[in-house]
C-alpha cells in the first residue's frame, strides 16, 4: 500500500515536472503565478506614494497597489525598496516582476522596459526655502537647484539650466529625501519634486515652502514590466483599470494624497 | 502632520538604535563572509601565483589586478546587473557579498604571495632535504613563517573590506550605511546618526585589530 | 539569456566619460597634494610629545582609518550642512578625500620617520644645522623616499575612492557614468566601459610613478 502511494505520488510529481518542461514557453504572468509571489519594486523615499512608516515598514500608495495586485493574483508579495535610479535595472535584470514607482513613460526608457497605461498622474513642482525669494519658475535662474538623479525633472530642468548657463548650480541627489534635507539645510534654494510630496514636506519643515510649478508637461507615470512580456503588461493594464472601476484608486489617493484623484486620461489621444 | 493624517517624518528614538544595530549585524555578516571566503580564495590564488611563473602572472595575475584597479562601487553596480543577465538574479546582499569576496581575494592573493616568497628558499630546501614532502614543507615551513610575515598586511586588507562593505549600500542591501542614510533623511539628524554609525564601524573593526595584536604578541614568545 | 546589449548609447557618450575621467584624475591628484601636506603635519604633531595636540592628530588618524570613506564624505556634505556649512559637491569630495588621505599618509610618514636612525639627526646637528634645517635637508628627503611606494598605493586608492563622488552628486567618472546611464538605464553597458577607463587610469598612474622613481632614485 505504502509503495502504491509512493508510486502514485512520484507519478503526479513527474507529471508536474513534465508541465514544467512544457512551460518553457511560460510568460511572466505564468512565472509569477507559479512562483506564488509577485516581486514589486517600490521607491520608498517618495512620501506619500512610497515611504517607511514609524515601524520602518514600507507604506504608501504604491505599496498598497502592490498588495492589491498580489491579492488579485492570489499570490504573496515582496516589496523591493528601490532608489529612483534602480527602477528600470531591476526589471531588466529580473530582480523584480513589476515596478510601482511613479515612473514617467519616456520614449528613451521604453527602449529598455515595457510601460503600462498611466496609473497615476503628477506634475513637477519645487519646494523652496522661505528666504529664497523664488515665486515663479524664472526666479530659479541663478539659484542653487537640486533633484533626484535619474528622474525626469532632472533631465527637463537641465535643459533650462543649459540655456541659462547655470548648470554648475544644479546638484543631483541619490534620493528624493536627500533633496528635501538639502533644501531644509539651505544647501540648495529649490528642490524639484512632485506635487503630491509638497504638502507633507512643507508641513514638516518650518523654513520650506511650496514653490512654483515646473513648466514642462504633466507627468504621466506607468507601471513598469519586462519589455517583451505582453501578456504580463496586458494583465497589469487590466489591473489598473479595475483599480479605478472598483473605486480603490480614489480610496487610496484620498487616504495618502488627499482630495480628488486625477483623471487617468490623456486629452486628445486614444490609447 | 502629513496630509490625510499620515505621518512621514519621525524623531530619532531608541528603537532607531535597534534598527541601526540590525544594520550593523548585516554589515558584520556580509563582511565576515567576504573576508573568510576572500582569505581562503586569496590564499589559494597567492599560492598559484607563487608557483605559476609567467603564465600565472599573465592569466590569474591579470584578472586579480583588474579587481584591484576598478573601484569597488563600480564593481558592485556592474555585477549586480550582470548576474541576472546570465540567469542568476541575486539579491543585493548576496551580490554585494560575492563582489566583496572577489575583491578581498584579489588583495589577499597579493599578500599571500608575498608571504610565500618571504620564506627564504634555503629554509625550504632545508626542510625538503630533511625528507619533507612538498605539502609538508608548505604546511610546516612556509605557512608558519609566511603567516607571521604577512599578518599586519592581512589585517589591513580585512579592515579595508569591512569598511568597503559600506558601499553595498548603493545596492540597498539594508546594511549599516544604507540604514543610516535612510534614517538621516527621515530624522534630519545627520551628525547624531553618522556618529553612531561611525562608532558601530569602530566597534566592528576593533576585534580584528585586537586579534592581530594578540597573535603577534603570542608569536613573539615562541 | 534574454538580454540584448545596447552599446551604441555608451559610445555616443564616450567623450563625456573621458572628460569625467580627467576630473577624477584632477580631484585625486589635488587630494593627494593636500593629503601629503596634512599627513606630514599630523605625523610631526603626533610625534611632538605635546599630549593635547598629539591627541588631536591621533583622533583624526583613527577616524580616517577606521570608518568608511563614504561615511566621511557624508560628514562633509549633510553633516556640515546641519551647521549651515554648504560645500559644493567638488569640495565635499576634495575635503573628504584629503581628510582620508591625510590619515593614512600620516601613518606611513610616522613609519618613515621611525626608520631613520636618530644618529642622523645628531650628525646633522653636530655639523651646525638647526633642527629645522636638519629635518628639511636630511630627514624628510629620506622619509619621502621610504614612503614613496605607499604614496603611490595611496594615489591609486584615491582614484578608487573618488568614485564615491557619485553618491554625493559629483560628476567625476563614476558620477558622470551614473548620470548618462540613467537616461536609458543601461547600467551594465555603461559601467563596464567605465571599469575599463578606471583600469587604464590606474595603470597610467602606476607606470608614471615607476618612471618618476627611476628618475629620482637612480643614484
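A, B and C label the chains in the order they appear, each numbered from 1.
Operating definition for what follows: a residue touches a chain if its C-beta (ideal position, glycine included) is under 8 Å from a C-beta of that chain, and two chains touch if they have at least 3 such contacts.
Given the structure is predicted, the values throughout are model-derived calculations rather than measurements.
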Report summary line: The chain pair joined by the most C-beta contacts is B-C
Query raised in the report: For which chain is the distance between its Cα centroid and the global protein Cα centroid smallest?
Result: B
Query raised in the report: Most remote chain relative to chain B, going by C-alpha centroids?
Result: A
Report task. Find the geometric centre of each of chain B and chain C from their Cα atoms only, then give the gap between the two centres in Å, rounded to an integer. Result -> 20
Requested in this report: Go ahead and note the Å separation of the Cα centroids belonging to chain A and chain B.
Outcome: 34
**Report entry** Averaged-CA centre spacing for the pair chain C and chain A, given as whole angstrom
**Finding:** 38
Requested in this report: Find every residue in chain B that makes contact with two or more other chains and list them.
Outcome: 81, 85, 181, 184, 188, 190
Report task. Please list all residues of chain C that touch 2 or more other chains. Result -> 3, 78, 81-82, 167, 187-188
Report task. Two or more other chains in contact with one residue: find those residues in chain A. Result -> 89, 92-93, 174, 178, 181
Query raised in the report: Touching chain A in the complex: which residues of chain C?
Result: 2-3, 6, 77-78, 81-82, 84, 86, 88-89, 167, 169, 178-179, 182-188
Requested in this report: Within their complex, state which residues of chain A touch chain B.
Outcome: 45, 47-48, 51-54, 56, 59, 81-83, 86, 89, 92-95, 174-175, 177-178, 180-181, 184, 199-200, 203-204, 254-258
Requested in this report: Please give the residue numbers of chain A that touch chain C in the complex, ascending.
Outcome: 85, 87-89, 92-93, 108-109, 111-113, 146, 149-150, 155, 171-174, 178, 181-182, 185-187, 228
Query raised in the report: Which of the residues in chain B end up touching chain C in this complex?
Result: 66, 69-75, 77-78, 81-82, 85-87, 159, 163-167, 169-170, 177, 180-181, 184, 188-191, 194, 197-198, 201-202, 205
Query - Touch list for chain C against partner chain B, complex - result: 1, 3, 63, 65-71, 74-75, 78-79, 81-82, 156, 159-164, 166-167, 174, 177, 187-188, 191-192, 194-195, 198-199, 202-203
